[in-house]
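Labels for the chains are A, B, C and D, by order of writing; each one numbers its residues from 1.
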């Protein structure tokens, strides 16, 4: 159950309720919302206790969550109806009224290469630099990424062009390296969406996390994965839709924009869309990026390479810099068409 | 193989090639394109014959089709790269540079009811009136539609408000009624997409056909169903994406916008999107309609009811008239945002 | 609601209940079960009326159906718990304690060819001869079957070797030909499972019907399609599982044996399995046929060709006669292993 | 490429080939097969080198693998055509001519509880005791297992009744505990099938691994996950099919028995089937277990609880001990029906 207090309820009143609940053996979680106190109660609340709380004047609303989706629930924050809460990724505000573009190479392929791509990304007006250092690959014989060295190169490139960076973390034991190298946002990949050990470990770092949807994860399971992050102490989560696995094989996956408006209703967590992994074909990414923002996404994430034919991974879905410029321009137009704006670049 | 002649090739030259092919026992099909002669050859062309044709100066290009997708192939028409050919539905041009909105009740529910909805649909600026008279229902005990009487009521309503009408045909034996009552566009429902007998029968009527995608049909199979229509003599086909069946159950189906740009590459056939059957929830239809046009759809089809709670079918996904007005307004904005325009209403 | 009367209830008592229900405007359907009277009531029964009926001593049980699945419901018949009711296909009993094998060519390919295959099928000990005369093909340029002539050849071959025959009907207008040529069992193909017009027309012929599951049909929707047949007057329905469409592409489809035991619980309708269309690869059919019977199927249906490489359709999944002999032998073993027996051939 | 040497080729000859390949910069892997030397070559072999090798008399066969599936390839072992290689799990031989039953509680729920279940499992004649100590749960508020203490209780119960034990490992950092407590077989859960970091870590322990198929993993991806284990040094892998996610919701998942015969062709790795997670309903597990063995599975894995209604996880799919006895008895019958035998219990 989610308890929304009247704005201005003194802290003492909130604590009294909290203690009352804990005396019943219930676990109580607190929203970081400043506009009003909001508590969530895990576990089943006895009917009698619910009745007692409902009678308290300081509790403005009691809202039953969907299942045990507590901390991700929309009722835990005060974001306006069609807007998510805002997550700060190294100075870039993701969510809310603005739309962002995340771009970069699939894999970090060397110091010079990533710097060159980073320059393009920044020049095109994208807001966050992405790049994989640890690569989850179907085959053990495929390129597995440059590891820690890749993190360093990515961060250096980001700093050189003034962009925060996001990179995928595949194992809790690498967390130290991600923090040490100042990776601004930790990406949990689709294959690890329900790697609960990783979720718990990453949550403790309290860094922004980009949580990709699993290939066959329902929207509900995806939100539960986000709930793991919040429950573990991470308040800064961004969801990333990247296509689900269906019977259709003309495209790599099928972008599920249909659930986007439902996610917005259910949760305050911002959602960006990665049309590249859904399409698997670079030339059809632009219309899908437009559609994503039109459907209400808080941004798009794409892959860029100066020479896609030579990319060490995912070349067929990598955009050229001039195509990225089109994505950014389209994002600006689509943001305007839906009453929002492109994130104001700080450069 | 598709043979594209040089513009201005005299008819005699085209006939000579046609006869040459037919002498080899090959079946030759002709595009209605007026800008230049275009022929398609069904079956396997001997390598030697292909070589011979390639040497002829009047044949500008020889293009291998995808499988046996001949008449639907983009190469069979001269539409500009990101545009479909245009289909005329009772005066409404579907495809090309413009975007249309099709709207109306799921089922025709009586003379007054359909007229009232039709008035709203026209006032909101939608372009085509839809309404079901023959209803495919999962259960034999569910409302099956008013049949021929429904067709009459729908057409009368369309005429009263000046809109062409589209309605689903479920069996070849009803074709006479559809023609007699002047139904402007024949809809083939998702469950009948591979009802080949129906496709062949409908094709012979040479009326515009709205061909819905089957719940589990690949884009390729869908185009083959359209190929049946063209092969049977129908040159006026519109595809309608309405969501595919996936593991995700939060929404009724999953809208597959990912294949839209591929369909545009492969085929000249216009594609509209029905976000209502994908979503199954009225309140999430507007962002999905926006996304559809942003992805390049030639229009959207939605369901409208003056009192959704009382609808005899699909009430949960029916829009109120004021919501339809928003859909039309959004369609105008999205058309502009992607370099197109809303169809100029003839009213 | 399903009303099961005490065995021996006089007809008068049943009629009294029936009239009582019809006076309330409810539609009443009757089971052909002879062991006891059983009625089904379509539509919502007022609570008060339900109470009144429950008090009547002649009504032994009132069972709420799953949704509106009335005539297919297990409660409508007296078959023992793990057994289906029995359907008679030209003297072959399908369902109950026995297991059958249906075999024959995908397409009837000529008088001699089908006769030769029929001889093999009979010699191998299979019980029903299958063969397609009207072929639903993805492409309009593919072989569409010999039509009525194929029906005649199939029936003649069946008579020559003493086997009843089953063939797919694609359109209501062909029904006369199927009846005239004495086709013993009408097959509704996967693509037509929800061709409700066809279901209604076929139902009126009161011939045994083999109803294939749609590629993306849930078990529930499939039973509703069967309900259409029963509701339309056909009491002789056999379900045929043939694989559903999933993301896995190593096989043509994925055989859904998981729902088999549920179908047995929900319904009295016998279920056979077609492992050939699921697998798409002849050499993996034998283990799948074994698994089907082990899972409780009432039989298997396979395709046979004397020279698969030359088959006009579905060659890759056609078995050679000696492989069919193995299927029959395995079916006998599996039937015994699960407390049943292979249908006693009447030859 | 897989190089199969003539039986009896002296080691020197094998080394010479190995060195030749490595001089070209190719990575060479060796099969543990004793019947003859077999090497696999990762990466692309130059055509000229391939020609040179083909000419060498000591190389009996050169077989192109499917993609980069090398160490899991059937050609890497000498198992007879319809049989897998054998993996030894604490004295229980999994694969080959015999069929095994793995059973136990979903979660270890305490010392006494697990011991009591273990006694039932042993009495029923099952061969391996399973039990979860680390539980991957969709919600962070659900029971997460007893962790290391659960491992200890499981192993003690296994030892008390003389059965080897299998338990799921969710993170590399727990590996020490699994080894220390003598867990005989490490289970990789469906959600972690592509947790490549975990695969690499577990591989190094060289313990038998039970690798569950991911919910949306193709058979090919699943074998690549097994390839990670082999490539990392683990020669003892067992695959476990547990149902894939499809559109059908009547059952928890859909058991994919269709790929079983293909896996047998492609790979020497034994495959067992977990029908419980596919069905999600205890009462339909027995026919599915029968079907699994009939389809060629090397065993089945099921969950048992003395009081399913009180189970802390997955109660609805837990069998009672008497039902387990039926599973074992059926496995014996099905093994016999397919020319195999139930593993001879060592008790």
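In this text, a residue touches a chain if its C-beta (ideal position, glycine included) is under 8 Å from a C-beta of that chain, and two chains touch if they have at least 3 such contacts.
As the structure is a prediction and not an experimental result, all values here were calculated from the model.
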From the centre of chain A, which chain's CA centre is farthest? C
Copies chain A and chain B touch; is their interface built from the same residue numbers (over half shared) or different ones? same
Gap in Å, rounded to a whole number, between the CA centres of chain B and chain A: 37
List the centre-to-centre spacing of chain B and chain D in whole Å, with centres computed as mean CA coordinates. 49
Residues of chain D touching 2+ other chains? 216, 245-247, 249
Touch list for chain B against partner chain C, complex: 27, 42-43, 67-68, 70, 136-142, 170-173, 191-192, 194-198, 214-216, 221, 224, 227-228, 231-232, 245
Which residues, counting only chain A, touch chain C once they are in their complex? 216, 245-247, 249
Residues of chain C defined as touching chain D within the complex: 216, 218-220, 243-244, 246-251, 253-262, 265, 278-279, 281, 283-284, 287-288, 290-296, 333-334, 336-338
